[in-house]
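I have a structure here, written as structure tokens, and I will follow up with some questions on it.
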Amino acid sequence: MNDAIVEIAMLVTFVLMALWAVLATKLLRAVVALAATSVLVTLLLFRLDSPLAAVFELSVCAGLVSAIFLGAITLTQPENEAEVAVSAKERIRRYWYLPPLLLLLGVALLQVALPDVPTTAAAADDVRKVLWTSRHLDLLGQITVLVAGAFGVIVLFKEARKNER
Amino acid sequence: MLTLFVLVPLLVLLLLNISWRALPRIVPQAAVLVLGFADVVFGLALPTLPVNSEIPVLSELHFGLVADDLTRVFLVSIGLVICAAAFVNQESMTTERAHRNFCSLLLVSLIGMNGAVLLSDFFSLYVFLEVTAIASFILIAIERGIFAVEGAFRYLLLSAVAAMFMLTGVGLMVFTIGDTTFSAVHESLTIANGSPLLLKMAVGIFIIGLFIKGGLVPFHGWLPGAYSSAPPGVSVLLAGIVTKVSGIYALVRIAQDVLVSDPSLSMILLVAGSASIVVGAIAAIGQSDLKRMLAYSSISQVGYIVIALGAGTELGIVAATFHLFNHAIFKSLLFVDSASVESRLGTTDMGKMGGIGAKMPWTGTTTGIAMLSAAGIPPFSGFWSKLLIVLALWKAGREGFAILAVVASVLTLGYFMVMQHRAFFGKPSTQLDSVKEASAGYVVPAVVFALITVLTGVFFPLLKDSPLSFLLLNKGLSW
Amino acid sequence: MTPTLHILLAICLAPALALVLLLIPSRARSLREALAVVAATANLGLVATTFGQQSRIELPWLGTSFDLSLRVYHTASFVTTAAAGFGLLVTLYSLPFMRKHSAHGAHYALMLLSLGMANGAVFSNNLLLLLFFWEGLLGTTYGMIAIGHAGAFKTATKALIISGITDLCLMLGIALVWAQAHTLTMTNLRLPLEGMAPAAFVLLMIGAISKGGSMPFHSWIPDAAVDAPTPFMAFLPASIEKLLGIYLLSRLALDLFELTPQSWLSTLMMVVGSVTILLAVLMALIQKDYKRLLSFHAVSQVGYMILGIGTAVPIGIVGGLFHMINHAMYKSCLFLTGGAVERQAGSTDLASLGGIGRKMPITFACFIVAAASISGVPPFNGFFSKELVYDGALERGTIFYLVAVAGSFLTAASFLKLGHAAFLGPRDKKNDGVREAPGAMLFPMLVIAGFCIFFGVNNAFPIDQLIVPMLPEHLIAEARSAGTHFSGWPSNPTLVAMTAAALLGALINHGFGVKLYGSGLHAADHIHDSPGLRWVYDRAERRWFDPYELFMRGSAYFAQAANKIDRANDWLVVGLGRLAQFASRGVRAAHTGNTSAYIVWSLIAATFIVIYLGQ
Amino acid sequence: MSGELITLYVTAIVLVAVTGLYYLLVTTSLIRAVIGLELVTKSITLGLILAGRLTGKVGLGQALAITLIVVEVVVLVVAVGLILLAHRHTNKVDTRDLRSIKG
């Protein structure tokens, strides 16, 4: 019973953190909220018997991603907060129909998803074994993605040298 | 053996970047061309090769890749278009650095596409499509202009939405059957235990992602911007093959191997396909920019492919695949030609090109061939694939859609005539006096592609006994 | 040579040589010309030797229903030989005509390509294969018009779009046939006209008569007459396309469908034929340009063929088919004379021509033969085929007959006008230096004019040897049991008398027209002014003037109506373009560049898909 | 795991995904749009793990989630690269400046 309450609390906090990330007026706070969301996801992953993914989530999402965002924020002009608020209001007025639409999409999913939930107990198939036997093509994909990311950094971040033709 | 399609480019990519300052410019270019050509050759020769024999050193790394006729069609197309893109890029890239990066990213794209057409798992498909997509985002913005950044960013956002749908689909698959391979999903769908409806939903949601990646109406918002703002070589790559592999290949694969002749899937494909055909063609008619018009025409042509899949029959799949091959050829050809015009005039605005055909005869002629092929005029290959599409729809009892496909090809003819009229026919204006035919880097791929279009069209009845017979996916026809 | 190789060679040889021709540099024009002549001759030889052969080639493809099959038999041999003959003659004619043209190589290459396509279309024994070659001809038509002068592009586009749409009808018709009969092999087809079959028939008929150039799919032909090089007109619209269109129409009416005289489709064809005859000839009458006038006749005459075949009675069908080959002769001959006049006098505008008959006697003579032939003057070939059509039309309804005769009258009237205006009358000073056309242009004209006479005087040969064997067995049997004679002098003297009256009427009408409006007839003034006679002439004038003027006024209204149809056609082509542009503006306005909007479109569509799947 | 708890999990995942998507659509800041994207990614990660856990394939779920995290972080890097390039041109990170390709 206690376990369930802890889990419910974590879920609620997860949603609240996401809302905070969205509602924060200062960009920096939004990024912090995003990191906090990540931390909660990490905790939830631990609860779901997935320690390796949790570690990844913590290190990459809460760590690396926040760092990238902070870099982006420092490298760009600070926002004009009043203008942000005005334009946000204007856009919210224009896209008033979106939340119901999205919720409809979500509910449509829930409707079919919920009736037949299988309740098999957690069986332990080892993630390392899975990764190296049946999903090693994905690992190859990961390597390629990382190489592509490296080129992204080279092409997009590096300043063009002035004397280059 | 199939592993090499992914491993060799990856190895070459890494080797090229260990000491690239020392390498002359020609080396990465040659590497791309050789690997692209290897795709074509091995794609053609695949059945004669010991596909399933494991290479001793790599025996630990058999990735469960499989190849059939559909894969071969795509390997050949990928190879051809990659080579063309490399040629065009060689001519159009100005800086050394951009050129090297371009070649490397072309290889990344090649790895992604080769992997995507060889694998047989939904999640791996997502991963490799994302590899291709990331390479495309960077490639579009490689010259760092503001329009290109806008095109790339829009592509990135919509692609992220597509990924969201694909992953939701994968999640539902894991949730229902705990497996994501094509065969497992297909089996669970056919034996109908557990929850086939949810599983079908999962595949359906995955397909929504593919619609976005393939640029079908109304999921196409990113496509015109990305095509028209990209550098010439990248447009060839994107229009010729990337969107086809990332969106349409997977649709064909699913229609062939997973959701076989499912009526609700058919309906979705038919509706999305006909919307794309009509909206794409109508939007293309009013364009004044050549590349943008070609982009909308791509949407329309992709609609034909999808509508053929919607027939839900084997003939439909054959027609779709053949049209896909033809489209890869003639659309790359059109973008190569637009690149050669751009190289001479510095613009793709059709209003400024009147009569360019007389000044650039090769470009003008090959454009005409590609255009007639796209409109389905014999003896070019496009005629046969459109005919097969109409027949497939008719045979499947979708007469209305067959008629729509036929009538819309008048629109196709219409916008291409507008283009020919504005850009290539008529009296050359005096400002164009000094314009000469484009350099060999553009003309050679254009002529090769035009020849492929003509020869495939003329010798289509003889395809059966030729090495190209796989274009018709033999098992799909009562040959 | 095996039959298989023979036919495949007939289809592939000319196009292959066309490709070789394109590789010859433009400096070596003579070499190109030599190659073109050799190719056209070889083509003629190849198809002419298929006469009397019966064979089929089957290349299995796409399973049972889509076999690629080719077939050699009498009709195909006849039509391809005729096409090849015209091909060779027009090639010869082109030698001097196209010598200085900028698209010299493209002209010959496209001609050879068209010949190969035409052979393929006629030898096809499968509707799909036929469609392939059929649409291929569309491409060469486009190319041959487009290489005309700078403004020809518009006409080429018009031709492409009109023919493209009708070819789509053909495609749909084929699909319907397939749905109905589950085969596309023409020898296996014999569809009763029930269920979807009439729709299929109409769609296929549209494809056929459009290739033949019938109304309302004709409007590009007169434009092309002005814009395209003249050999093209003699080659495609006047001969080869007509041959193909009527060939397909006859196949449809004779053996692909069970068309009976009782069927409403037969009546439909007759109505289309009659309307085409009348409206097009009325348009022809008011033309002021040599080639444009001829091109409207090219439309009008196809009406006789459709009318004849549409009667669905043996005599009418024989007449229609005979008229097809006759028309190809005299019309290409007329276009050739037109080209000769254009080349020598530098214009085809009738106002600036006149009196050049003396300078170009051979051309004029050929013109007279061909014009007499098209007007149905005995003993030229046109007379005999028209009589057969009349006979068939009368059997089905007097009204059709009357329209056909009226068409004849107007045809004769317009050719009198044309001949008079171009070759007779006073000569413009600037035309004093005009000389006869070169031999390479005269030779084809003379050959064709000779054939016009030969096929007329000795009509038993073409009719009994060439045309009647084209009919299916049951029709021949029917005709035999009724004791019908197709060849020889027309059996019905009343009809001949009517024709003679119509021709005479045309002559008189022309005389009056010239007298009232023309020049050079002042020689008759003194008779006119002599006392006593003057009163008679006044009355006569008044009496004859009124009906003439009334008639002319009436025909002007008709002509305007025909013109309206023409314009409506144009308007449709242009208007559809405008509509598409308008729709395009709407679609483009929706693409605002707002990424969020694009994502929202995707999400809305995704919601629909998810809900649809969840049901 | 009880049915109610699963419902709660799914609801939370859908809510966060909807929030992220909505934010992506309505914000005018390019950086904030990417934050919205990240929220969606997080909910999907959680969803994959949950799906694997419920069918007893924890290993599969983790494997997919790890690959997903790697892929998405590279997409994020590219996105930020593009944002910085846009900033170099316009001196702002406003989505309304990236609307010039239209029609």
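Quick notes on this structure:
Order of writing sets the labels: A, B, C and D. Residues in every chain begin at 1.
Everything that follows uses one rule, which is that a residue touches a chain if its C-beta (ideal position, glycine included) is under 8 Å from a C-beta of that chain, and two chains touch if they have at least 3 such contacts.
Just so we're clear, the structure is a prediction, and the values are computed from it rather than from any experiment.
Top contact pair of chains, counted by C-beta pairs, is A-D.
Here B is the chain whose Cα centre lies closest to the centre of all protein Cα atoms.
Put simply, the C-alpha centre of chain B and that of chain C have 43 angstrom between them. Measuring from the averaged C-alpha position of chain B to that of chain D gives a distance of 27 Å. Look at where the CA atoms of chain A average out and do the same for chain D: the two points lie 5 Å apart.
Mean C-alpha position of chain A lies 31 Å from that of chain B.
Within chain A, the positions touching two or more other chains are listed as 95, 98, 102, 105, 109, 112-113, 134-135, 138, 141-142, 145, 148-149, 152, 155-156.
In chain D, the residues that reach two or more other chains under the touch definition are 17, 21, 24-26, 50, 52, 54-57, 60-61, 64, 67, 71, 74, 78, 81-83, 85, 98-101, 103.
Multi-chain contact residues, meaning those touching two or more other chains, occur in chain B at positions 123, 127, 130, 134, 137-138, 141, 144, 153-154, 157, 161, 168, 172, 175, 197, 201, 224-225, 286-287. Chain-to-chain contact here is organised exhaustively, every possible pair of chains being in touch.
Chain C makes touch with chain D in their complex at residues 588-589, 591-596, 599-600, 603. Residues of chain C touching chain B in their complex: 59, 61-64, 68, 128, 131-133, 135-136, 138-139, 146, 150, 153, 157, 160-161, 164-165, 168, 171-172, 175, 178-179, 576-577, 580-581, 583-585, 587-588, 591, 593, 595, 597-599, 601-606, 609-610, 612-614. The part of chain D that touches chain B in the complex is made up of residues 17, 21, 24, 30, 33, 37, 40-41, 44, 47-48, 50-52, 54-57, 60-61, 64, 67-68, 71-72, 74-75, 78-79, 81-83, 85-86, 88-90, 98-101, 103.
Residues of chain A touching chain B in their complex: 109, 112-113, 116, 134-138, 140-145, 147-149, 151-152, 154-156, 160, 164-165.
Across the interface of their complex, chain D is touched by residues 123, 127, 130, 134, 137-138, 141, 144, 146-147, 149-154, 156-157, 160-161, 163-164, 167-168, 170-172, 174-180, 224-225, 228-229, 286-287, 292 of chain B.
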